[in-house]
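Order of writing sets the chain letters: A, B and C. Residues in each chain are counted from 1.
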C-alpha cells in the first residue's frame, strides 16, 4: 500500500479556552478529492490553515509526499507542491490578473534576487501564467487590475494562482463562497477538470458542489472528524444527520 | 504609461539640476549651488527610503541612523589620514548595510506598529551611542579633516565638481532604482506590500527579500551620509536623531511615495520650504508642523500626485 | 560594594520606572483602544511641565499649579484629539506617525515661542524638599520618594478603574474588539476622547513631576518618548499590566546600568576603555533588552489579545 499523499495524525489546536482542532486524523490518497464539511465553527478553516502551514498546531503530525512537514512554514510547503486558495479572497489587488498569476509562477522559477531584467519581459513567467489564466477561464481578463474583477472572477483568480505553482495537492477553502448559481456551476466545471490530475482537499458548505466533486467526504464537528466515507454513506449516516440538525443535507 | 511619464519627468528634473550651477554663476549666487547640492544629497537619502517605505510598505522610522553611520565612516578614517573616497564610501555603504542587516533581522520579525517603534528605538540607540563616544566628538561632533579624494581631476574641494559628482550619483541611483523596481526583486517587494500572506502561500520566503531591501536601502543611505559629511565638512550625532528620520520620511511622503521621482521632489520642496520659511521666522517649524498634518490628511499622493496625470502610481 | 548606593540607585530606578509607567499607560491605552500611534504623547508630557511652571508663577501655590496643569493638559489633549486626530483613526499607521510628528514639531516651536528655547528652572516645592530616612544611614530625597508613591497610587487607581468600573470594562472590551463595542451602541467617539484626555492627563502628570528633576526645555518629551516606546514594546501593546512591568524593568535596567556598568567594566578592562565604552554600552542596555524580549516574544510580555 503506497503511503497516502497527505497523512494527518492527532492534530490539535486550541485558542485559549476554545479547542479548534481536537485530535484530527486524515488520509488523502494521491489523485483523490476529499471534501471536508461540517457546521459553522467545526474548525474546518483552522484545519486548512494548519495543513497549509499558516498556523502551527499544538500537537500532531502532518506528512506530505512522504515527508514530515509539521514544522515547515507555508512557503516551504508550497515549494513541496502544496497549494492553497483562501476563503476570503486574497489576491494582489493593485496588480493585473496576469501579474498575479505570473507572481505565483515566479515563486517556483528559481530565486528572485534579480535586479536588472524586467520581470514582465520574462516569457518564462508570462507564458505559463497566460496558460493558467486560460485554463480557469480568465484568458481575456489578464490585463485587468485584480481589484476591479468581479467577485466570481476573483475566486477564479484564486484558483489560478494556486494552479500556477504546479501543485500536487490543492487545499481549496470554500472556492464558491459568495458566488451565484451560474458562477458556482462554472467553478464546479473547472474543478472537475482538475480532478485526478491534482489531489484535492476541499472545504465547502455548498452540498451540491460537494456531491459533484468528492470521492470521499469527511465530516467535522467541534474540531473532530466524526465520519469519513463515500458520499452516499455519509448522506445516510445518522450521526451526520444529527450534527446537521436544521441544516439541509440535500439532493 | 506611468513609467514613460516618470522617466520624462526625471530627465527634465535632472536636466534642470544640471543647469543650476550655470544659473547660480550667472546671478552670482554660489549659495544656490550649495543648497541644491544639499537637496540632491537628501534626495538620494529619500529615494533609498522610498524603496522600503513606498514600495515595500515598511515604515522604518530610523533611516537617519544610516546617514549618520555613513558620515562617520568618512570622518573617522579622515581623522586617521585615510582620505580616499574609494575606501571611505564603500566602507560607508558596507557599515550602514551591516547595521541595517542587524536592525532588520530583529525588526522584520515584527510588523505593524511594533516595527515602527522598534526601528525608531534602534536608530535612537545608535544616536545615544554616538553621543557617548568621546574620541569621536561625542555630543559636539567632529570636523571632517579633508573632503574625500576621488583622484585625478575630480576634486571635491571644487564646488562645481562636487555638485556634478552628486548629480551623477543621483542619476545613477534613479536609473538603477527603476530597473530594480521592475525586476523580479522589486516585483516581490511590491507584492509583499500588497499582500504578504498571499506571497508566503504561493511560495516566497518573504523575510529574506524584505531584509535584502532593508539592507540595500541602508547602504544607499550610508552613501548619502558620506556625501553629507563632505557637504557640511562637519557632523554630529544629531544627524542620526530620530527627528532627522522623520524629516526624510516627510520628504518621501510629501513628494509622493512609491514613485522614485516623488522623493526627489519632496526633498527639494522640504529644503526649499525650510530655506524660505527660516528667512521669515526662526520659528518656521511651527508652520511646517501643521503643514505636514494637512498634507497627510488631504494630499496623500504628495506633490507627485498633484501633477497632471500624476495620480497613477508606479506599476 | 557600597550597598547603600545600590539601594539608592534601585530607588532611582523605581522612580524612573514609575514616570515611564505614567506615560506608557496613556500611550498603550490609546494604541490598544483606538489603534492609534501617538508620537505626540511626549509633547503632552512637555506641556505638563511647562504649565506647572507657568501656573506656579501665576498663582504662587504649588497645589494650585498641579491641579491647573493637569486640567490644562487634559483640555489640550482632548482638543488635539477632536481637532486633529479624530479623522485619522481609520487611516494606516504611517499617517498617524506623520501627523503626530507634525504635532511634535508644532508644539516644540509653540513652547519655544511662549517660553524661549532656554531650559526653564522648576523648583522642588519647599514642602517636599528635604530627605526621608529610608534606612539607617540612607537618606533619600523626599521629592523622589513622593513621585514613587504617586506613581504607584496611579497604578492602583488604574487597576481599580480598568477592572472594577464600567468605564474600565469598556476600555478592556474596546482593546480586544473595537467594532463590537461600537456595535453595542456605546458612544465610541466620546469614549475615545475621554481615553485620549485621560492619557494626556497622565502624561502631563509625569511631566509636571519631572520638571524639578529633569530639564524643562523644548524637545524634552521626545527623549522620554523613546524610552516609553521601548517600555510598551517590551510590555506588550495595549496592556496596562505590561506597561507597569515594562516600565519598572526598563527604569531599573537603565538607571542601574548607567550607575554601575562603567565601574563594573573597569574591574575587567582598563579604566580608560571602561571610560569610553561604559557610557556607550549603558545607553544601549535597554535596547538590547528590547531586542532580547522580542526574540522570544515578538508580541511583548503581556500582549492584549486584539481583533
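Criterion: contacts are C-beta pairs under 8 Å (C-beta built on N, C-alpha and C of every residue); 3 or more make two chains touch, one makes a residue touch a chain.
The structure displayed is predicted, hence computed values, not measured ones.
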Identifier of the chain whose CA centre is least distant from the whole-structure CA centre: B
Relative to chain A, chain with the most remote C-alpha centre: C
Centre distance in Å when chain B and chain C are each reduced to the mean of their C-alpha atoms: 31
Centre distance in Å when chain A and chain B are each reduced to the mean of their C-alpha atoms: 43
Cα-centroid distance, chain A relative to chain C, in whole angstrom: 48
Residues of chain A that touch chain B when the two form their complex: 52, 54, 73-76, 78-79, 83-84, 86, 90-95, 99, 103-104, 106-108, 112-120, 122, 161-162, 164-165
Residue numbers on chain B that touch chain C, as the complex places them: 53, 59, 61, 106, 109-110, 112-114, 116-118, 120-122, 124-125, 128-129, 131-135, 242-243, 246, 249-250, 253, 283-286, 288-293, 295-297, 300
Parts of chain B lying in touch with chain A, wherever the complex brings them together: 176, 179-180, 182-188, 191, 194-195, 197-206, 209, 212, 313, 315
Residues of chain C that touch chain B when the two form their complex: 31, 37, 84, 87-88, 93-95, 97-99, 101-110, 112-113, 222, 226, 229-230, 232-233, 237, 275-276, 279-280, 282-284, 287, 290-291, 294-295, 298-300
